[in-house]
Amino acid sequence: DPVIFAAASMKTALDEIATEFAAETGTKPVISYAGSSALAKQIDAGAPADMFISASVAWMDDVEKAGMVLPDSRKDLLGNTLVLISDSEAPVDLPKLPEVLGDHKLAMALVDSVPAGQYGKAALTFMGLWDKVEPQVAQADNVRAALALVATGEAPYGIVYKTDAAAEPKVHVVATFPEGSHKPITYPAALIKDGPAPAEAKAFLDYLGTPKAAAIFEAQGFEVK
Amino acid sequence: MMLEVSLTHDFGSFAVDVAFTAPAGVTALFGASGAGKTTVINAVAGLFRPTQGRVVAQGEVLLDTGRGVNLPARRRRVGYVFQEPRLFPHLSVRSNLLYGARFAPKAAPGPGFDQVIEMLGIGALLERRPGALSGGEKARVSIGRALLSKPRLLLMDEPLAALDAARREEILPFIERLRDAGLPVLYVSHSIGEVARLASTVVLLDAGRVLAAGPAAEVLSDPALAARLGGAEAGTVLAATVGETAPDGLVRLDTAAGPVWVAEPPGAPGTRLRLRLHASDVILARARPEGLSALNILPGIVERIEPEPGGRAFVRLRMGREAVLARLTQRSVTALGLAPGVACHAVLKTVAVSRDDLGAG
Amino acid sequence: MMLEVSLTHDFGSFAVDVAFTAPAGVTALFGASGAGKTTVINAVAGLFRPTQGRVVAQGEVLLDTGRGVNLPARRRRVGYVFQEPRLFPHLSVRSNLLYGARFAPKAAPGPGFDQVIEMLGIGALLERRPGALSGGEKARVSIGRALLSKPRLLLMDEPLAALDAARREEILPFIERLRDAGLPVLYVSHSIGEVARLASTVVLLDAGRVLAAGPAAEVLSDPALAARLGGAEAGTVLAATVGETAPDGLVRLDTAAGPVWVAEPPGAPGTRLRLRLHASDVILARARPEGLSALNILPGIVERIEPEPGGRAFVRLRMGREAVLARLTQRSVTALGLAPGVACHAVLKTVAVSRDDLGAG
Amino acid sequence: MSFLSPEEWTAVLLSLKVATVAVAASLPFGIGVALLLARSRLPGMWLLNALVHLPLILPPVVTGYALLLSFGRKGPIGGFLHDVFGLVFAFRWTGAALAAAVMGFPLMVRAIRLAIEAVDPKLEQAAATLGASRIAVFATVTLPLILPGVLAGAILAFAKAMGEFGATITFVSNIPGQTQTLPSAIYSFLQIPGGELQAARLAGVSVVVALGAVLISEGVARRVAKRIGGA
Amino acid sequence: MSFLSPEEWTAVLLSLKVATVAVAASLPFGIGVALLLARSRLPGMWLLNALVHLPLILPPVVTGYALLLSFGRKGPIGGFLHDVFGLVFAFRWTGAALAAAVMGFPLMVRAIRLAIEAVDPKLEQAAATLGASRIAVFATVTLPLILPGVLAGAILAFAKAMGEFGATITFVSNIPGQTQTLPSAIYSFLQIPGGELQAARLAGVSVVVALGAVLISEGVARRVAKRIGGA
């Protein structure tokens, strides 16, 4: 069976698609979910993976640079949107964020290393807000943890992906970052050399592009590219 | 009654059922290895709770399982010299010795630190840890620790077993003085000498039961018990008063049985003493013997003859208020024609009375 | 020489400098608490490595710091009865006893299991853990464990200190038998009785030094050392052969000093024994006394008189090959007109010779 | 140290502070809980035992999440502590210390408990016959005797605190100067391609600092043990 | 158990297998290293001591990454073991066991070492005078006496193994049926929107299973200790 290394945030959608795929083809993809960085390093170290779906362009680049990607198999699979969330419903005018925030915390993923954090920092910088909010930023090690900080009321505001915000009833999307404010959020996928089941993996990658799969992704809030 | 002990307990493989009372002074627990001596002492100390038991010391109920009384060990204020030293390994000898003092009432009476370390000869060890002590040194520190806790009751489980005769000789008078100052002592020993010297009361244990209990003089001179105590150790204890000291250094002790000259310096004239006469040391003669090196010749009347296996016999000689036990061969009994009512003389060497046989009265 | 020991070591607060050699048999280490006895034994066992030292047992060099030889303890095959029992707490009494046997060469001689537990009276304890034993029971198991390891050399550090007289009486003959079977024994004891009975050689230690070392009879009857051994314990050891048994059960022992009647059953006629006469038990008389209960009257010549403090004196009486030590008052010495060369009689009670005073030859 | 950026230097000091405070503050509780587990015959002890083991058994993230839910500003305990004592853990170094203490607690308790179970009750009995109260027995006999175990427990907990990351970042996130400890900084570097060298450098610092502390305490422990052993 | 999906059920069993194998395989080494650290006077011991503490001091991710680099298929040790013994750790359950063993090792060693240091050398001396070789002394005296410590160490390591996640997921990834242990599964759920409940459910399973194992071993340890204590 094909072994898929996928960013942990895709679990819900990907599990559903894999079940569908298995029902149709009889092949059940084995999916290992972890942080993109860990997966990329494992692939570099010779992990028996057929496919890599990264939450970060940088880590896919890293794997590609290491020569592990099957030529021409890489494609941008999904996109996502960055949103400001809060535990209250009142919409926020993004340029007013520093005032709204006051001396409270703004939860983000690690701004220098985790993609959601990097995108968020880029967007805030673009809007000229970063310097003002930086001291207030509480960085979590991943988006989900940042979300949890808002959901538990520790931090009144947070910057996460739309996909994360959608599933958490305790938080509300109070603003959406404009498209040009940061590099497009992209989830690249590629086939990996020397995997145990290259043919089936190729079939699954193709399947991810089908409307059926797209519908499942979109239901989770992803943008299908 | 200073001390009242009764306890029953079943260890499965061993059952204890002991009861005795003892007046002031030293109460000796005597008995073979495994007889239950330590078990009794532990119950008195509050370290062992028997199924049923009652311990009253100096009027205070320490344990009464029937009434649910069980004073914790720390409130019993016993000074316990354990059979094994049980010193605190992390504390210096000095800290070990001083351990109990801080928990004792300031006003409580008790021997002083300098006096105790002097008597035990442990002055040079004070800064050492127990790990660097010899067996006998540990035993001595352990005695000191108990003494310095200002106890109301002293429990000593073979305290002198690891010590040489000379050292023992220095410690025994100290215990005598504590006893005479009114400190009750429960004392375990395998040495009849120590027991005879110290104890007012002897409790003879055997396999968890009391075989005999009563005044020391009575229990120790009981011909029926003599064999069990070790025949060679049987003897009588006489009350004596120190008399004149002769120019040659010998001292006369006056007893109800007559004067006994001894060589050991027993104290000032008038001091009351307990004089132990070993039955094996007493020679009997019908006529008053002359030209013997033995100085003490006491007249008496044969009261009772108790044959002993091995061709020997114990002969009890009545001498006024007192009685003296002699251990002879049956051959001598026959040769001398001894029988109840016969008058004869007990011959005793002055030097046969050793320091060990003289206890403070 | 069966055993050759020399060692020097400085503990800082205490320095040892000991050297002695000993022939086959039991070598007793005697000395006050803290004299260095355990230190010496530990060096022989290989548990303590002195700065300088040499230990040779039965021709085998166990330790020679000069030549860098230091046989590890496990190869020395000593049976060590420690001063404190040191039983394995996690093993049953049986497993403790059998511990050493499996490491010993199968063919090595040694007492049997049943014999040992019978002699020590520990048959009922076999399935218990050491934690549930009394102090004396632990001591006995510890003796058994050492005996059953089939040692080539037995080291016993106060093995009987925690035991009652009766039990001691059962163990001593066993050690005598082992000695007579050729097992060398290094024996520490504070009891002169035990030492006199067992030891062929006595090493007297004091503050880490050898005060005297030599044949037991010599060291023990040395009037100059008598006080140090405890004057009350001084005495002579006579070689004796068991003679006839009289109808009344008394047994005659033939010694070079004359016949001595004793009440204790010492073995079959012809058996060679060691007979210990306590100096304090010996009465002297110029004329042969009559009508005394004392049966043993040995003629001799005064050889030497050693005054002792406290108005006493040790008198050595020459009797052919042997000598007997008597302890009297100076008053008696004067009264009897004793002086070197004077003929007199030593009077000794039959019952004064206890089982403790008869050792296998 | 120009080898470290000022921010990293702050993280190093913060890590040391967090680990030290975590160990120091949890030690009394560790000893108390170890005593209960070793000695108490109360029926609920298995539950306490289970509770103590939890941070070991659960992934750190879960522990961190649980801490967030209970000790957070709106959590039941956190709210109470804040209202009554003015104690705030959220986004503070104190929260990092709490997380580190919780994560190290099972290790600490186990070592101390092991030491307590090895204490010879006969010595405590001896102290009791000499008149010492339970507390005095503990302070003068038990505690000195278990000191090597207490030190071992403290060392384990300290080392753990120096390396703790999952629960800490989940609970108090990563605020430079406040809650960014060394492990968070290391983790950050590992999340960016090519950051391995930087991560390795910080890991090296962590190893030097933490091991230094550990080895020094070892030395102390050894001396203590020797002192108790005699000589 | 319909409460768990087949995949989760697999993860539970895998976790138990991994933890058991990790503890069983590392125990001999743990005892050996503890012995060395407690007894050896060799000069290099501080280094061994430092090495043992490393997995505690470093963030688990770093340990996992170090394992990946050295025991991976392309790593120096991994390559050697593969070529010579045919042993593969990378992305196998064996790798998860290795990671768990490494992470639990400091805890195991410390507990055992503490127990060794508490053994009365007089008993070992007694065994030596009775003719026992060093090995025999160890097997018949030391080992039985430190058994409570060994069990405590094993319990700690087992609990740790049941909760280990950072090093494992970094080293052997999170492949269902192969390397997906309970903590990895919990992690997966925590990474997706709305996965908290699922994660809590699995955490509950983890607690029940691991605590069950821990409490049972505790019982065993207690009995062992009692047996040694006598009576």
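As written, the chain order gives the labels A, B, C, D and E, with residue 1 at the start of each chain.
Basically, contacts are C-beta pairs under 8 Å (C-beta built on N, C-alpha and C of every residue); 3 or more make two chains touch, one makes a residue touch a chain.
As the structure is a computational prediction, the values presented were derived from the model and not from experiment.
S.K.: Give me the fewest steps it takes to get from subunit A to subunit E if each step has to go to a chain it touches.
M.R.: Shortest path length, in steps: 1.
S.K.: With chain centres set to the mean of the C-alpha atoms, which chain is at the far end from subunit B?
M.R.: Between subunit B and the rest, the longest centre separation is with A.
S.K.: Could you please state the distance in Å, as a whole number, between where the Cα atoms of subunit D are centred and where those of subunit E are centred?
M.R.: The mean C-alpha positions of subunit D and subunit E differ by 20 Å.
S.K.: In whole angstrom, how far does the Cα centroid of subunit B sit from the Cα centroid of subunit D?
M.R.: 57
S.K.: Any idea how many Å lie between the Cα centroids of subunit A and subunit C?
M.R.: Between these chains, centre-to-centre, one finds 90 Å.
S.K.: Could you pull out the residues of subunit C that touch at least 2 other chains?
M.R.: 132
S.K.: So which bits of subunit E are touching at least two other chains?
M.R.: Within subunit E, residues 61, 65, 187, 190 contact more than one other chain.
S.K.: I'd like to see which chains touch which, written out pair by pair.
M.R.: A-D, A-E, B-C, B-D, C-E, D-E
S.K.: So in the complex, the part of subunit E that touches subunit C is made up of which residues?
M.R.: 122-123, 125-134, 136-137, 140-141, 144-145, 227-231
S.K.: Spell out the part of subunit E that touches subunit D in their complex, as residue ranges.
M.R.: Contacts found on subunit E: 46, 49-50, 53-62, 65, 106-107, 110-111, 113-115, 117-118, 148-149, 152, 155-156, 159-160, 162-163, 165-166, 183, 186-187, 190, 196, 199, 203, 206-207, 210-211, 214-215, 218, 225.
S.K.: Which positions of subunit A touch subunit D when the two form their complex?
M.R.: Per the stated touch rule, the residues are 35, 37, 40, 58-59, 61-62, 105, 107, 110, 112-114, 137-141, 145-146, 148-149, 152-155.
S.K.: Under the touch definition given earlier, write down the residues of subunit D that touch subunit A in their complex.
M.R.: 61, 65, 68-69, 72-75, 90-91, 166, 169-170, 172-175, 184, 187-195
S.K.: Any idea which subunit B residues touch subunit D in the complex?
M.R.: So the residues of subunit B touching subunit D come out as 45-47, 72-74, 76-80, 82, 86, 88-91, 99-100, 103-104, 129-132, 145-146, 149.
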